[in-house]
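Two complexes come next, and they have one chain in common, chain A, joined by chain B in the first and chain C in the second.
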Partner chain A sequence: MKEKLEILLLDDEIIVGNRLGPALEKAGYDVEVFEDPQKALNRIHEKEFDIVVTDIMMADVNGIQVLEEVRKKSDTTRVIIITGYATVALAREAMDKGAFDMIAKPFKPSELHSVITKAADSLGYKKIIAKA
Partner chain B sequence: MSIITITDSSYSNGRQIAKSAAKRLNYEYVDSENILSLVSKEFGVSESKLAQALKDTPSNVGMFSKAKPEHIIFIETLITGYLLKNNMVYYGVVGLPLIQEVSHVLKVNIIANLESRIKNRMKLDNVSQDKARKAVTKEDEQLKKWVEAVYNTDITDPNLYDLVINIGHIKGDDIEDALETIISTVEHKKFQPMTYSLRCMKNVARSCRVRATLADIDPKMQVKSDEGTIYIYTKAVKKKAQDKVLEMKQKVMRLEGVKHVEVYIDYDLFANVSHGQ
Partner chain C sequence: MINLLESGSNSINNSKKTVSSKKCTLDSDCPDVLSRPRFSLRTHMLLMFILLSSLSMALVIGSVIAINHIQKKLHFFQITEKYLFDIAQARRWEKNYFLYGTNLKDAVQSANNAKNILSDNLKNVTIILSPEKTATIVQHLDKYREFLQELSVLEKNGIENTEKKHEIETSLRKHGSEMVKVAAALVLKEQISMNTMLKLIQRIPVYSLAVVLLLTTFLVCFFVKRLIKPLKLLVESTQKIAKGDFSPIPPMCKYRGEFTTVELAINHMIQELQLREVAMVESHKLRAIGTLTAGIAHELNNPLNNIMLTAHAILEEHNDLSEDELLEMINDLINEADRSRKIIRNLLDFAREGESASGPLDLGVLVNETIKLAQNQIKVSGTKIETQIQTHLPQIRGDKQQLKQVFLNLILNALDAVKKDGTIKISLEQAETPGFLSVKVEDNGCGIPAYILPNIFDPFFTTKGPGKGTGLGLSVSHGIVNIHGGQISIESKEGKYSRFTVILPSLNVPADLKAKSERRN
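This part shows the complex of A and B:
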């Protein structure tokens, strides 16, 4: 088993990546941050991440498409949706298509960390997770 | 880990289906009637008054009966508090429109044709066909009026529900089929709780708790919660507005989990005129 959880973080708002990326790295994760969904998809095709954290509303490619692409590549990668446009319909669609969880923006880094911890638990990483 | 809410037209066996679903899933069962003793204990209102509030249309509440609008708020508060626990089956309409945005709640409506329901009523209450027909129709109308008056919602609108099951003739098999449909649906991933939906449920429960806390000041206020921030929309006359805001903030800040309170006043023109402002 790898020593560090590998996380891909995708959000087209630069400020989100700038804030969450360092917070997650500080918590002990290996994080790759993307603002461009297409570049993120290319990376997802190259590498199997443990966890993908993605925004929903982005130009060209949306978070549900990212989720579908991840599911095509891997059954184990946990996908966490973060969105400022949460609705019942979106929440159910995301779960139906295999999302691990969904968080409504705004949220604190500690809330994301808590969901990532649950995702890591489900992958068997319980003992190596640092506290944020 | 989900929640099932079940409503029905009168004598459609919704309560029986709700209880059976809870038993089969090993979920807790609650309905707006069996919760009344707890509401009574917590808010110090007699069970008979609370039961009356569930029957009287709110235009009559407070005028022609001993029931008051805040009694409905108290019942909503306990019910939404219960629903925070998950693994619940709730039979009833109180609070139902408040949890429309909670994705892990499977909302079920049970219907049956009128003739079947009349037969069911005749059998259960040993009454004539004519009496049964009048009673079933009256109960349907009462419930529709009550929901319209309290929530401005049409309880028969299928858009309120994820599942509308017509059990047709009241036979054991139909009930079993309805049960199977409900159980297989709730087990779908769509209805699993997630961080977002749990937060929605928490916000609804907290809004109800705030309304109950302030019901003696204004039972008609609107409250919205977002995590620990509470937004209150109320009416007041200008002279008393400052005192009202202060009193509300002090009361609400004492509640668990509340970090910040904002009160928005709509100055009641009619009241201002009567106070000479």
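This part shows the complex of A and C:
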């Protein structure tokens, strides 16, 4: 088992990456931040991440597409959706397609942390997180 | 062109005026309608009736007089015949006397009878013959009678003065034949005059029938024209109103009458419709704002999230942050707050319920602002927007909010029509019609079936499901474009595309030139 959880963070809002990236690093995760969904998808094809955090409404690629791509690649990767357009329909679609959880913007960093913790937990990383 | 523009802006102002002066009496609304001479259909019919009945009355009176006249003529004719008969009788008796020496008394009697008839009808005879001729008749008759008297005196005295008798006989014959000649002429003249009169009377019904027929035809034609023409105009006016032209209808006929009431009622209705139209535009705008608000609430979540994350970062790590990092974060906070403000201001600008103000506008800027307003909906739907906005175009004159409403409506409709990954092309260019600018909004969505194309600008016509569309959007857009002196049209192929084209009259000065000259001033 790897020592650090590998997380891909995708949001076309630069500030989200700028703030959450360092914070997650600090919390002991291995984080790769992307603003460009296409680049993120390429990276997902290259590497299997433990957790993917993605926005939904982005200029070229939809977060749901990212979710689908991740599902094609791996069954274990946990996908967490963060969106400003949280609706029941969207939540249902995301859940149906195998998202781990959905967080509505605006959220506090701690909320994301707790969801990531839950995801890590489900992957069996309890101890590592506890250590971190 | 300038006229067109002015009329466009006038009608915008007019609509405002009607809103402000809601209560106005019918009479004060249309002084020119009421200034026409009054001639109602009722008066018209009454006049027709009076004319026709006086004509028939004149005919009846004329006939009665003519028949009366004929009767008198007939009577007089009989008298003249009696006179001729008496004279002829006197002459026969006279002949008998000279042949057989009998009937002298009878001759005198007949001559006296003739004299009586003549003196009784002297007046009438004078009218028919000339006074001179009448005098001749009387003279001959008197002479004749005189000689007969002389002859009877001779007879009584038994004097057989043959020479004298012969002399009297010659004179009698002379006056007698003259007398008969004149009397026969009188009778003939009377006969001719009576025949003429009878012929005339025979013709009177034929002539009067012709006159009555002509007159009736004329009156009916005139009446029908007075009825049909206004009705035709009425139909044309209602069609105009249906197309959204709310200018008052022109007077339907030259005179004031029953149709004036209809005109006034229709003009009143037009005013009311105009008020409703304004209300409809407003209510449709509210609906559009509703649609936008939901999207904008979501849109706001992004800058809010950025602010939240940045603020938390500062809160948690302020001790570890370098000055540069802190500065960057604070700048982020300010920029994101500004972004939120812009998102809200954009909607507020559109939603602001203010005096609709007409002024010079740069259509390109307006179209771009409208696209920005719908940006969120565009983003959510995942539709691609391609814009081709020509620069250096003349400005237009119009109401910014109302025109935004038109383009927003077209964009939102296009978004509804396209599926995911659809494309909406928005272009601004010089229209083919000189002096006009054209904005095209084209989508590659579901298209509109040809059979409903003629109805799409009708109010309350919608193809969207119940609760989804009011059917007011295109109708309201049509109305707004109309009062700006422009036109809105649609081309569509079912399943392929829909293309809405809005053309608006432009001002003559190109926008950037004007801006430069203003700067110089």
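As a working rule, the second predicted complex is superposed on the first by the 129 of 132 C-alpha atoms of A that agree within 3 Å, B and C clash if a C-alpha of one lies under 4 Å from a C-alpha of the other, contacts with A are read in each partner's own complex, and residues count from 1 in each chain.
To be clear about the criterion, a contact is a pair of C-beta atoms (placed from the backbone, for glycine too) under 8 Å apart; a residue touches a chain by one contact, two chains touch by 3 or more.
Please read all numbers here as calculations on a predicted model, not as lab measurements.
In this superposed model built on chain A, chain B and chain C occupy separate space and fit side by side.
When chain B and chain C are set side by side, the one touching more residues of chain A is C. Superposing both complexes on chain A places the Cα centres of chain B and chain C at an angle of 60° as seen from the Cα centre of chain A, in steps of 10.
In the superposed pair of complexes, A:Leu9 makes contact with neither chain B nor chain C.
With both structures placed on the common chain, the touch criterion links A:Val52 to neither chain B nor chain C. Once chain A of one complex is fitted onto chain A of the other, the partner contacts of A:Arg19 are limited to chain C, with no touch recorded for chain B. Looking at the shared chain after the overlay, A:Val79 reaches neither chain B nor chain C. By the touch criterion defined above, A:Ala104 reaches both chain B and chain C. In the superposed model, A:Leu41 makes contact with neither chain B nor chain C. In the superposition on chain A, A:Asn62 makes contact with chain C only, not with chain B. Superposition on the common chain places the nearest Cα atoms of chain B and chain C 12 Å from each other.
Taken together, the two structures place residues 104 of chain A in contact with chain B in one case and with chain C in the other. Interface residues of chain B facing chain A in the complex, by the touch rule stated above, are 100-103, 188-192, 194-197, 199.
Remark: chain C residues 298-302, 304-310, 312-313, 316, 332, 336, 379-380, 382 touch chain A in the complex. Contact residues of chain A toward chain B in the complex are 86-88, 91-92, 95-96, 98-99, 101-104, 111, 115. The touching residues of chain A, counted against chain C in their complex, run 13, 15-16, 18-20, 23, 57, 59, 62, 84-85, 104-110.
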